[in-house]
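Paired with chain B in one complex and with chain C in the other, chain A is shared by the two complexes that follow.
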Partner chain A sequence: MKKMPTVWLWLLPVVCGLLFVALWYGVRRWSGLQSWILPTPGEIVAAAWQERARLLAAAGDTAVGALGGFLLAATLGFGTALGLGASRTLRASLWPWLLVLQMTPVIVLTPIIVLWAGPGLPGIVTITWLISFFPIVANMTQGLLSTDMNHVALFRMANASRLQELWLLRVPAAMPFYLAGLRIAATLAPIGAIFGEYMVGNSSGGTGGLGFLVYSYNTQIKIPALFATALTSCLLGFIFVAAVAWLNWAVLHKWHDSFERDDH
Partner chain B sequence: MTTNRHGSRRFFGDIPSRLFAAGLLLLLAGCGKKAEAPPAPGLVKVRLQTDWFPQPEHGGYYQAVAKGYYAAEGLDVEILPGGPNVQVMAAVAMGRTEFGMTNGDDAIVAVARGVPIRMIGAEMQRDPQGLIYHTAHPLHSLRDLEGRTLMAGAGSTWLQVVQKKLGVKFNQLPLVGDMARFMNDQTFVQQCFVTNEPYFARQRGASVGALLIASDSYEPYRVMLTSPPFLAAHPDVVAGFVRASIRGWVDYLTGDPAPANRLIAALRPDLTPEFMAYSIKAMNDYRLVSGDPAKGEFTGQLTAARLEKQIKLLQEIGVLDKPVAVSDVATFAFIPPQPPSP
Partner chain C sequence: MEPVAPIVKFSSLKKRYGAGPWILEDINLAVAADDFVSLIGPSGCGKSTVLKLISGLSPGTEGGLEVLGTTPKQARDRQAFIFQDATLLPWLTAQRNAELPLRLRRAAAAERAAKARAMLDLVGLAGARDYYPRQLSGGMKMRVSIARALTLSPQLLLLDEPFGALDEMTRNRLNEELLALRERSRFTALFVTHSVSEAVFLSNRVVVMAANPGREHGEVRVDFPYPRPAALRGSPEFLAKVNEVTQLLHQVEATS
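Take a look at the complex of A and B:
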């Protein structure tokens, strides 16, 4: 594929964004909707600035919940996938139930989560974990099973033990898959945390996070500020995704074909 | 194709393990229970779980904390803030909190489901749930809901009362947090707290009124709860808690509410002093806490006759799993005998 000039890579999203904002102003103008139904981007940015202290503190709270759930999912997902990748029996026994876990609407589980994990942060971390766990397990397991058969044959010829095959061959080979799972989870974790705050949050020990602000701004009909929480949550999501993209680069750039290298 | 050109050590060598370690630490620190504050010397430590984020509708309890009414009864009361899905009654029944507060008819329904809880006093003589409407299309009674579109908590007991007992038909939408539909539609009706949403709607320039749902046909209390085992083991603690809470409520609504409002504002920076003043005024205007003296009602009072009537109503509309007696639901041992002096 011919390479696109770098300037276009920067310019295209900006142009698209500007068009979208223009469209937004247009809709607002022609629909005659009031600011408390559809605020303009300008009003949202102004509200974000006005509420910056509260939004920032809330984003910090949400980040803690999101990071907690994300890391829990990243570690447990890795471990679970190892088990599933290593044993056909385990895979057959557990896979349908993992699907059940993923397909169960979290709303159904919130009462149990509140009772077992407790309201506030523990419940929020649990919900975030539930939401971001599956893509990690699914990707990592697929990765472990997708190892190049030539390499597997080589390991077996060299009398490598199953553990060696798993740890020295399959796990490294599955890294791109694992990281793809992490990337999906990174976009889900902040949303999961906000949803968690909205479902099981309480305001003890801090601001209650962005999910709490959604309640607060909604009942107070501060709609531009409400949209500003969405803006804040997007920024938080971008930070998460950027962190995983960096991790992806750190782990893969020296050997994986998705990165350009000098030794090609 | 994925190829493995280097030893595996390289792959993991590149993962910043310190980042993982730091994150895990953060996670563990975050999940850890906060160290409980040690009780003040000589005081019995108990907890009160509220049903929602701290707000003036919990003001009496905060007032009792701030003015030392609980301490005067030998109690160190920690108020646990609620929120969505907080499940006050389950928390009381499981012993996660000694005391809780919630809607009176929810408590009756829970007792019929076998949840071990007991009412020990009324927080409010009438639940603050109401219906907010535009004055262009007013509601004078629940019967006026006929043919209207209403956004209300799905499964609310009062909805079934209106439908089954009064035979009123209306379109119902599930209650979500926002008021956009309401603000944009003059005929729309939405469930609210009379102490809450009307303030914000008026602030946005809407001309609105609020009808209290509690009426002669349906008038749930808001109640204070404990579990029967705790009640049996510590009747004196319960007595002190009810006494001090009632004292806090009377003082909050008739005296200077500033001490409680300061505690609430520290937990809820989004609530303005004007809003809190509105909330307190609404509680007084609708006589939610004090009740109607002409009917012999007073702060904290629960009567067997009214609970009997509520149980009968709930039974008629079929929301009770099994019949319950007033004595299963409430104890009257801690209700003050006569009105506390105003």
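Take a look at the complex of A and C:
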């Protein structure tokens, strides 16, 4: 396939976004809806500016919760997958229960988590962890089990120990899978944190994060501010995804085919 | 002259995978220290299986097999395996790939770096040490794979169609390089191939195998002295040997 010139890759989404904004103004104008039902993009930006101090502080709190849960999921997910990848027995014993955990809606578990971990940061981190753990474990385990059989034979021929086979072969070979898991988790972590805050409220003091802001703007019927909160959440999510995309690039670009350039 | 212990000695070896059909029946191949043996035969006749047995990657079912005076597994640290695809680790540079066997043996970093570097120089890759496998051509990858195998100075080198995926020019060149390396490092070689002329050029013995079940059908001795010049390929004697092997292959294909 012919590659698209880089300008277009920037220009097309921008044009698309502008059209969407125009459409938005059009709908607002011709439908006759009120500002508190459908604020215009301009009103949303104005609300965001007016509420900037609260939004920023709340976004900071949410980022802490999301990052905490994400890092917990990234490390525990890595460790769990190592265990599952190394032992058939462990895999057979734990996999069904991991699925059960994944299938249980987090919303059902939230009250229990709050009961046990408390309504503050620990609860929010736990909820975020719960939401982003499974894709990491599932991907990384898959990666550990997909090692090229010829590479395994090479290690066996060299009388490599099981530990060497794990660290020097299976783990590096699984990195693209692990990073794919992290990418999914990065989109889920801010959602998890905001959801947790929404459920928990700010009973622990502090801002309560973006989730609590949603709750309070909603009860105050500050609809443009609600949209501004959505916009802020979106930006936060984008930062998460971009950070993992960067990590992915840093780890893989030298050797992995997904970063193959046209020449070189 | 006292008899030299064979490097590889099959005695009436039979092999099947699990409860499957017999793959190899009554193999009695013996390989001596200065042999370069090529195995050639129809696809599926068990050539790769023979190499897997010798390297201890897969056990024999009946009969005996001695490698370097001991069991295949215990002889592992004195043999090296070169696979059809170069099996380089894509996340390591050529240099790091060549270092791998020494690293797995926990050799000191300085020692393994020096040895790998020397071997890469020898196969003509001094300038490509820091390249990742995807930056290397098929022939270069194979050279790294050869360098990696030779860092341990193995007594026995097993090669499973190492040049099968390469174009003829590259293949010929690597054949010559392989013989030159053997002049320096004096390893015994067991080489699986589908190319008759490659087998004749490289080896002093070409063993032709038949299929279903796999067995030794015949052997052609190739007594051209080493080192062998590239020009040998054009000589009538060479072509006569190629014909001899080809006829054995025709017999085998007619019977199976």
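For the reader, a short list of remarks on this structure follows.
One rule holds for everything that comes next: the second predicted complex is superposed on the first by the 256 of 264 C-alpha atoms of A that agree within 3 Å, B and C clash if a C-alpha of one lies under 4 Å from a C-alpha of the other, contacts with A are read in each partner's own complex, and residues count from 1 in each chain.
The rule we apply is simple: a contact is a pair of C-beta atoms (placed from the backbone, for glycine too) under 8 Å apart; a residue touches a chain by one contact, two chains touch by 3 or more.
Please read all numbers here as calculations on a predicted model, not as lab measurements.
Using the contact criterion defined above for the overlaid structures, shared-chain residue A:Leu168 touches chain B and also reaches chain C. When the two structures are aligned on the shared chain, A:Arg28 is found in touch with neither chain B nor chain C. Once chain A of one complex is fitted onto chain A of the other, the partner contacts of A:Arg183 are absent, as it touches neither chain B nor chain C.
Within the superposed three-chain model, A:Met199 lies in touch with chain B and out of touch with chain C [touch as defined at top]. Applying the stated contact rule after C-alpha superposition, one finds that A:Ala160 touches chain C and leaves chain B untouched. Once chain A of one complex is fitted onto chain A of the other, the partner contacts of A:His151 extend to both chain B and chain C. By the document's definition of touching, of the two partners only chain B reaches A:Gly68; chain C does not. In the overlay built on the shared chain, the residue A:Lys254 is in contact with chain B and with chain C. Touch counts on chain A: comparing chain C and chain B, the chain ahead is B. Residues 148, 151, 168-169, 172-173, 175, 254-257 of chain A are contacted both by chain B in one complex and by chain C in the other.
The residues of chain B lying in touch with chain A in their complex are 1-8, 10-11, 14-16, 19-20, 23-24, 26-27, 30-31, 34, 53-54, 80-87, 90, 94, 177-180, 183-184, 196-197, 200-201, 203-204, 267-270. Contact residues on chain C toward chain A in their complex (touch as defined above): 55, 57, 76-77, 79-81, 83, 85, 87, 89-92, 100-101, 103-105, 132-135. The touching residues of chain A, counted against chain C in their complex, run 148, 150-151, 153-160, 164, 168-169, 172-173, 175, 254-257, 260, 264.
Those residues of chain A lying in contact with chain B across their complex are 36-37, 54, 64-65, 67-68, 71-72, 75, 110-111, 114-115, 119-122, 125, 146-148, 151, 167-169, 171-173, 175-176, 198-205, 207-208, 212-216, 218-221, 223, 226, 247, 250-251, 254-257.
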